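A, B, C and D label the chains in the order they appear, each numbered from 1.
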Amino acid sequence: MKIRVAVLGATGTVGQRFIQLLDGHPWFEVTALIGSERSAGRPYADVTRWMLDTPIPAAVRAMEILPEDAPLDTPLVFSALPSKTARPIEERLAAAGHVVCTNASDLRMDPDVPLLIPEVNPDHLELIAVQRRRRGWSGAIVANSNCTATGPTITLRPLHDAFGVTRLLLVSMQALSGAGYPGVPSYDLMENIIPFIGGEEPKVETEPQKMLGTLRDEAIEPAPFALSAHCNRVPVLEGHLECLSLAFARRPAQDELVAALRTFRALPQELNLPSAPPQPIIVRDEPDRPQPRRDRDAGRGMSTVVGRIRPCPILDYKLVCLSHNTIRGAAGGSVLNAELMYAQGMLNG
Amino acid sequence: MKIRVAVLGATGTVGQRFIQLLDGHPWFEVTALIGSERSAGRPYADVTRWMLDTPIPAAVRAMEILPEDAPLDTPLVFSALPSKTARPIEERLAAAGHVVCTNASDLRMDPDVPLLIPEVNPDHLELIAVQRRRRGWSGAIVANSNCTATGPTITLRPLHDAFGVTRLLLVSMQALSGAGYPGVPSYDLMENIIPFIGGEEPKVETEPQKMLGTLRDEAIEPAPFALSAHCNRVPVLEGHLECLSLAFARRPAQDELVAALRTFRALPQELNLPSAPPQPIIVRDEPDRPQPRRDRDAGRGMSTVVGRIRPCPILDYKLVCLSHNTIRGAAGGSVLNAELMYAQGMLNG
Amino acid sequence: MKIRVAVLGATGTVGQRFIQLLDGHPWFEVTALIGSERSAGRPYADVTRWMLDTPIPAAVRAMEILPEDAPLDTPLVFSALPSKTARPIEERLAAAGHVVCTNASDLRMDPDVPLLIPEVNPDHLELIAVQRRRRGWSGAIVANSNCTATGPTITLRPLHDAFGVTRLLLVSMQALSGAGYPGVPSYDLMENIIPFIGGEEPKVETEPQKMLGTLRDEAIEPAPFALSAHCNRVPVLEGHLECLSLAFARRPAQDELVAALRTFRALPQELNLPSAPPQPIIVRDEPDRPQPRRDRDAGRGMSTVVGRIRPCPILDYKLVCLSHNTIRGAAGGSVLNAELMYAQGMLNG
Amino acid sequence: MKIRVAVLGATGTVGQRFIQLLDGHPWFEVTALIGSERSAGRPYADVTRWMLDTPIPAAVRAMEILPEDAPLDTPLVFSALPSKTARPIEERLAAAGHVVCTNASDLRMDPDVPLLIPEVNPDHLELIAVQRRRRGWSGAIVANSNCTATGPTITLRPLHDAFGVTRLLLVSMQALSGAGYPGVPSYDLMENIIPFIGGEEPKVETEPQKMLGTLRDEAIEPAPFALSAHCNRVPVLEGHLECLSLAFARRPAQDELVAALRTFRALPQELNLPSAPPQPIIVRDEPDRPQPRRDRDAGRGMSTVVGRIRPCPILDYKLVCLSHNTIRGAAGGSVLNAELMYAQGMLNG
């Protein structure tokens, strides 16, 4: 018996990714699609401007869109709601006993909400007990991280454990799919770069410290490193490429640093979770990799690809990392979060 | 009477820019075009795959290409030779009494060669006397800087004077025209970023310190700041966009920093050189500027456009700067160098 | 004394082109800008997301936006209103005595409205007398043609006169600027072609016959040729490129056809109208021209560039033509229409 | 026991596709890779600049490249040689008893060489007997068609059978991968269209008639319809999109035409060949499909996708068709050719 699953915001670009990634999932089964009032009551395939390069899964084509306030019988809800509208809806669902794995940014920095990357901070799921007690509900809200913060945070996990990260300066070159649909006008992005993404840098400069932080006395103590981010939009479809300069408490030799990245395995790999990539981090040795178009699909979009590791004249090392923004950085990240909860007995059909 | 001018490497992309920018120049007149053996003896318009969006100037259409070893009667030579082949040819021309303003990288770091941006280090032209004495020639070689180093170095000039730059970390997003023609295959750059440009980072990490250095005892003492560069190729035609994080000996208030950039004027502006932009640095206040396509032509491609000035959580400030790579960063930079020499009586027809 | 001019829809992309092209115009002077209710009462530069690569003209930066129903004292109005909303507003202005040169499609096919390209059908201005009598107004409405119809219609004028066009099959590759702003999402157009533009083909298949038609008994008799159009959206900023196959009543020799195009001059060239290009049609001999990026600015965006003239195995000849869609095909076309009316004494300050 | 297979020109872009498509093939096994002199003797992975988005198959990574004149023990050879050099090498291999399935254009129009699309003209394989007798060899050469001719020819097969095609006018918008590597410079194709592809139109205007022709008295009588092609290069990675206008001996009703396309099945589908798509032609009803990026992978790149079927004011009908140029139009087409020969007992291990 699979766990019944609802997708909130099912018709948008992240909602579509949820549906694509859950098609044929061994543990989860989409049985409810929630959309806007405008589309409620109509079949999914009729109201959705499907964007992805695989067809709409047969199982949902004719499924009727439910309105936001429909009663749900699914233990698990994936939320692809836009930020700034997600909070009241997700809180209502958690209060009604649902486990909500959300891609929205609204609750990410709430002290009792796990901001989860299963390879990075699986122990933060213990916050759910705090969350339930404090909020008086039987459900739960678990957030995944900002898409631009995801790749660097996974990359930092083994480095922080081994060498103690003290400073991180990053410059992102972000794919246009991160802006949703219709998103960035082609009139703005054609043969151009936009060196600004509204609201992005504050998220990128705070989420990694929470995720790499320590759970102590029912709260997260953020990892105490400084982070500076420049965020840019580039004419690429999928895959956020980021240039990182890093300083450590103990500066490793370069081959130590490479080995720490290359040998990194974590709980999702041990548990063999369905969406876990065999290697959370893939290190490429070619001088000109990773590249968004050529490397974003590594590990079915769930691996972080790192390259160009070399000394930094200002901090200790510099490198380039790439993460698929709508798979690992959005829907795929949430699915992996739910898989971890399932494997740990936190989800009951 | 205008100064007669030769263009070396006249058929390539930088050579074309020289010819475009010199068309109708008030002081200089192209009278000789030097090309490869293959094209020598043939009319310019017949052997050139013209790339620019203005037509080939009428004055050069029918001009016959000369071979590399042709004797020249032009006091001034602009060199658009590819790096790695430029040195012997440019040295021979200087030995024959010509002033060579070169875009090639071969001699840039020679201690007795001025690496010149007229707004930054016009006093470095004094090295020519050293160069002539040491090398025993009556001509001269003056280099312009790497296209990626140009924008940041101009931006640093007023900041270094006022506050003392101690560290600079930059990430470039470089236009494809910087790779010449045929340059980057579209198969590599379509919907993609390449996080590597061969040989670029070492140049970018050393040239600014020479240009911002101090002339003392007939030598340049490099400015003593650390510089780290990540260089990326992006699908943009013209205009290098760069994200900078900066630290200073004396951290200014943000409005001091902005004022220093905005009020910066230098010798080319005082002398009213024909190619000098009214403002060497233009500061934009919009949150999403500069952008390559929309801002690269500021000051007819000779201004550096700066925006997004804000505090950096790691160094002192961060900002974005943009410079036109084939105008200010190549042919236009060389022409301005020659104009400065002319205005200072160092060029005789 | 210049003619005072109002621009309707001044903040949109076509409105911006009007303002750019009218800056420094010898005959016309923008004195009123009409915008949406939302922007009325505010300075132009504050409410406009300026898109073009030249700065906002100083003369309009601080000009206050007027609401749609403001009384106007300008004899001439340029309308950049979106189609489907233009008719009532433009008719009200004509009734109030204004000459309206419109880019909207709403009235183009009205029998008493001149659909004007000054090189093609200047005599159609005689319809204004019919229009005034029939509609009982003292103003006038003059339309310019669809941007995709413009280049082919100019190309056809000398060919139709000399050889009698009987059939035209065209496939367009249209720039994204034609969709306005925000227009086409980059998520749709990145590394892609969209083989459909809503409502475009019916316009392209009917407007040329009206423009090339004959004025007889106060009405236009359309030119009796068949026209088939396939319209595609391509990732290009400006410039509609079109592949044409043509059949004639009398099949010319190829050099006759080329000569007819190359020697074509018309009334705007005779009258030396300020926006008229010296050559309405430029024929390029290179095998791979015209190209949108390299040729769209020919004649300051007002020339049609034709190339690849060769026999067609099905109709008589095939060729490629290019026309700048937001200059000649929109604002520039309307300005030239007004210039023709001014030169013929139909506009009084 | 699988059939041993060699790939000629294994390191180029089409060679890479052969290797990708043959990985895990049920009938064929790559056992020899032939490359240039420069790469001979070295492992495949070391000398190949691998371009595709799946990794190099493990089975060939370490395989040593053989020189062109190495003796081969493979009954089957796939040739990805560049046109203009293929003929002597392929003829030598056929003379040595190999079956050569070639993607090169050199021998396509030889009267005794089958130009084969298995859904279109499987009976043309009978030419092999003629070829063997005439040329005195025991091997064979079978060509696949030009990538731009492929989609229209498949589309025409059911239409020609049912209604008799008399005229076809097509305009192609061709992906850059068709030019190989390095192929088209990004400096040429960025934000641009190139309305010319050297040598393409003559191929496109003659190959379909041969393929749709009739085998009679040991020769192909070409299908007697006129074909006119305009070929354009567009900034798309993979997938040739083409606008077609068609005339028929008997003009069908539109639903007849649609049904003929939609119900078309052919020998590869009957034989269930491993690379045969379930539907050779997929008809899409949306107004804006097919699009290269969204539809090129239909049928794993082996289906032709057709849309926008509507009457043509000049010929009878117009439509848009899309075919993956480096799968169905190159390597995949050759593999399907070999599969058909295998299924018909023409290949012996």
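Going forward, contacts are C-beta pairs under 8 Å (C-beta built on N, C-alpha and C of every residue); 3 or more make two chains touch, one makes a residue touch a chain.
Note that the coordinates shown come from a computational prediction; the quantities given were computed from them, not determined experimentally.
J.: Determine which of the two chain pairs, A-C or A-D, is joined by the larger number of C-beta pairs in contact.
T.: Pair with the higher count of C-beta contacts: A-C.
J.: Mind checking chain C against chain D and telling me if their interface is mostly the same residue numbers on each side, over half, or mostly different?
T.: Counting which numbers both chains contribute, over half are shared, so the two copies meet through the same residues.
J.: On a C-alpha centroid basis, what's the spacing between chain A and chain D, in Å?
T.: The mean C-alpha positions of chain A and chain D differ by 41 Å.
J.: Where the CA atoms of chain C average out and where those of chain D average out, how many Å apart are those spots?
T.: Centre separation, chain C to chain D: 42 Å.
J.: Distance between chain A and chain C based on Cα centroids, please, to the nearest Å.
T.: Each chain reduced to its C-alpha mean, chain A and chain C end up 48 Å apart.
J.: Could you say which residues in chain A touch two or more other chains, in rising order?
T.: 190-191, 235-237, 293-294
J.: With touch defined as at the start, can you tell me which chain C residues reach chain D in the complex?
T.: 167-169, 171, 173, 190-196, 198, 205, 226-228, 230, 232, 234-237, 241, 243, 245, 287-294, 307-308, 312-315, 318, 320
J.: Quick one: in the complex, what on chain A touches chain D?
T.: 53, 190-191, 293-294, 297
J.: Mind listing the chain B positions that touch chain D in their complex?
T.: 13, 51, 176-177, 181-191, 235-237
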